[in-house]
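Labels for the chains are A, B and C, by order of writing; each one numbers its residues from 1.
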Amino acid sequence: MKEISELTFPDDLRYAEDHEWAKQDGDTIKIGISDYAQDQLGDIVFVELPAVGDTFDKGGEFGTVESVKAVSELYLPMGGEIVGINEALEDTPEFVNNAPYTDGWMIELKPGNPDEYNALMDRPAYLDMLKGQES
Amino acid sequence: MTPSVGTKGLIFNEPLLWEKGVSGRRGFSMPTRDVEEAPLDESIRGDGPQFPDLSEVDVVRHYTHLSQWNFGVDSGMYPLGSCTMKYNPKTNERQASLPGFTGAHPLLPDSLSQGALQLLHELERYLAAVTGLPAVTVQPAAGSHGELTGMLVFYAYHKSLGKPRSKVLIPDTAHGTNPASAALCGFKSVPVKSNEKGVLDPTTISELMDEDTAGIMVTNPNTLGLFEENIMEVAEIVHKKGGLVYADGANMNAVMGMVNMADSGVDVLHLNLHKTFSTPHGGGGPGAGPVCVTTALEKFLPVPRVVKKGDETFALSWDHPDSIGKLHAFHGNFGILVRAYSYIRSMGADNLKKASQLAVLNANYIKENLKATYHLPYDRPCMHECVFSDKNQSPYKITTLDIAKRLMEYGFHPPTIYFPLVVSGAIMIEPTETECKNDLDAFIKAMKAIDQEARDNPELLTEAPRMTKVRRLDETLAARKPKLAG
Amino acid sequence: MRYLPHTDEEITEMLQAVGVTSLDGLYESCPQGCCTITDMDLPEPLTEWELNNHMGELAASMGASPEYKVFLGAGSYDHFIPSAAQYLLSRSEFVTAYTPYQPEISQGTLQAIYEYQTLVTWLTGMDVANASMYDGASGLAEALLMSIRVTRRKKVAISTAIHPHYRQAVKTYFNPTGYEVVEIPYLDNGRTDISRIGNLDELAGVAVQSPNFFGCVEDLEAINGKVHSDPKSLMVVAFSEPMAYGLLKNPGSLGADIVCGEGQSFGIPRSFGGPGLGMFAAKRKYVRNMPGRLIGQTLDKDGQRGFVLTLATREQHIRREKATSNICSNQGLCATAAAMYMATIGGTGLRELARLNYDKSEYLKGKLTKAGFSLPFNSPTFNEFVVQFPDGFENTYQKLLEKKIVAGLALEGYYPELKGCYLLCTTETSTREDLDILVKEVTS
């Protein structure tokens, strides 16, 4: 597993405690997992995603991500309705490892409460959290 | 270099069955046709499967080659923690193959099944004697089948009191089958943290136990190889709030003749005959998971029960209205029960007790000899297994996995790795009592040599194994692009 | 004792190394209250030779084939097991190995079970098969739990023509779950009455057995049409006699979503009902919801083909309470036995053998009909069928036991409406003479 300094965390995203990232794109929010999360999980073999139209509260479990030896639940950093899912992940789950912020995006959300986005951590705050976890 | 138990040798490649068949070859002696072909409704007739056609020689070579790629207990020491890979006595195989047993249909009239019924009845008595729990069923086909049986008994018990409960306490050291079995019965698993000594703490149990908790599932000794020294207090707390105590008896090999499980407060317990009672593991079963319960819970056991009648004959009894029902089509894995029965008849009480004592001695001997080399998270007397970690080797970027893969080349099956989950990089070693001192010393030597290699020449570990039929396999590929049939 | 290799000297030496003065001293952490005071009440140990005698006596008392002519099926079948297969199965590298968690030194088990999985998919006409469940009964219960997981519905329907013990196991498994099990009656012809299946949109799965408990071959095509008229409901086909698929259309070709059954007929002796073999197969799209172990093909570091346990995140050791099942040890050696049997018989051999089985039972049916007995169910059958014997037949049955003939299974205990009906079974192990004698004996 890599050191934090070797991992990437773009500036223009927000981050959640459970290592999801969120990116505002007009009315919708794109969501995935951070470089730290995919590095911790190892080779991803399967991503279980919800159906378009499903709704969840903030913190709701919207899917799972599997490596060979472990399964991690995915939690929504904000509540809302699923309006898009990345179907490419079915055949190419490795996008989550290789391109966690681009090809590896997981769901598109129409937020119930757009203010919840600003409550998420920015890059510096997320880095602080990660460094705190390691010690 | 330290002389190794494992050495090089030529083995054979072998294709898949359908890569070697030639249509028209025959491996089977077709019985004589002494009746005419009868008309057959064409609407139901099929083509039959396109299995390969192989000669008898093809088949014998195929499986002979395959067998030579396997490591079994008969090959060498197999110290898999919590699996109890003890020696599988060959006389047990002879008894299970007796034509009177193998040729017997399970639904024969009782009058024609006396030998089998007597065996079942006596085996139940023997398992009751070992555990202290008087009522026994031998129907479950494996340990986790026994766990399901136990959870069904929990459910039935609380339902019979008119107060169904929704939760079960499960220690963080529990085997994965425990929460899975509880979930099958609709129970929510409440995780219980072990204390810094690696055992259950009565205070923690007190805080969690309430009247919506059906009971607790303990493993004793636990998967850290430690005896749950507070078990009697824990049982009392659970009982006081109307709960039951389930014991996963996977580690029974540590305590036969030394501990009475009933006296420790257990109400329901399953045994693994393929662990404690020497029946072979078969590459993943068949095993057997008998369940032993207190007299109060006997009425819930699965049907049919085996009863001894006034005239000393045996019969199957179905009239048990409170029974949880049936978990297996017939009486369970009878062939495995024959083997366990033969083992118990061959050993007797004194030898079973000695087996447990020697299993514990062997594990402690390994522990004492390796604790200077490998990190021992709980440095105290252990039972039949001990748990190390890779903490001392990680500065060299060596993991538990690397150690395990290198150990194969020394001629040993690796211990259980990465379990229990409470120890990071766990290495769980259970030698069992059938390993002699020479083999233990060779194992200890190999483990020490591997530690030295980790420092001097880590590539020997990270590239291991190189001497086996295949090298490390791409499990990611197997999971991403599953190819599950040819 | 020959399984305990320690000498007294070695024990002393080892106790010293451990820092304990006696073997009892190893148990200091066990609280007094649960330490045993009296010895376990077990009989004195037997020598190998005494054990042989004792077990020989127990075995000799059994009404076993071939000494007894046992015309019983009902989920346990007498078939010839080739010596080659028996011999190969006794190789201790198969017998004494454990679950192949370390694949590099378990390729024998892994390839053998991968081959087994493949042969089962071909036999059943399905996409993927697992490494085994315990038996046909528990396999059916797990198949129905799987249908609940897949569809998220709360009810299953099972035919009353399924083996009574299998149905009992389903109810035992379902009892604490809150999910409902309803039963579908059978028709006068011995097949399931699919018109009585009920509201499909509530059903997670509909299960039938084919050939069913009465030996009747179900109309799987019609069942497929009915069950799949609802887009979600799953068609579950159970079986207890896999030999049938050497002759009949397999369930996969007729729309089954899950196929589960008893594989004991393939190379495993009856052995008083166990160990058996739960064969379990499904459509590819349901693979992540399947219970049980799965072996997959992959490559090693040098690019060599190898086999490995895969999709383990479904299973209890990773997923724990969210696992698809709690199963750990399964029936691995029995699956190996079945693969060896299927390899020895071969495709051509199996088709021929299945045909012979069919013809033997048709012969018996013909002779019984000629002798004046009625066969209540007129659907096509395989290996077993129901015959109506006259009042008072119980006495004949008992007399025949003394002549070492077991004339079938009385059905009244399982189906009160079938008083006087018996389930008879014959396989390739009965000769024409055996069948003629049976007919003669039941007629007199």
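Definition applied: a contact is a pair of C-beta atoms (placed from the backbone, for glycine too) under 8 Å apart; a residue touches a chain by one contact, two chains touch by 3 or more.
Quick caveat, the model's predicted, so the values are computed rather than measured.
Taking the CA centroid of chain A as reference, the farthest chain centroid is that of C. Ranked by number of C-beta pairs in contact, the top chain pair is B-C.
Rounded to whole angstrom units, the spacing between the C-alpha centres of chain B and chain C is 20. Between the Cα centres of chain A and chain B there is a gap of 39 Å. Distance from the chain A centre to the chain C centre is 45 Å, each centre being the mean of its Cα atoms. Touching two or more other chains at once are residues 45-46, 66, 68-69 of chain A.
With touch defined as above, residues shared between interfaces to two or more other chains in chain C number as follows: 313, 318-319, 322. Shared interface positions of chain B, defined as residues touching 2 or more other chains, are 475, 479. Within the complex formed with chain A, the residues of chain C that make contact are 288, 312-313, 318-319, 322. Looking at the complex, you find that chain A touches chain B at residues 43, 45-46, 66, 68-69, 93-94. Of all the residues in chain B, the ones that touch chain A in their complex are 418, 475-476, 479-480.
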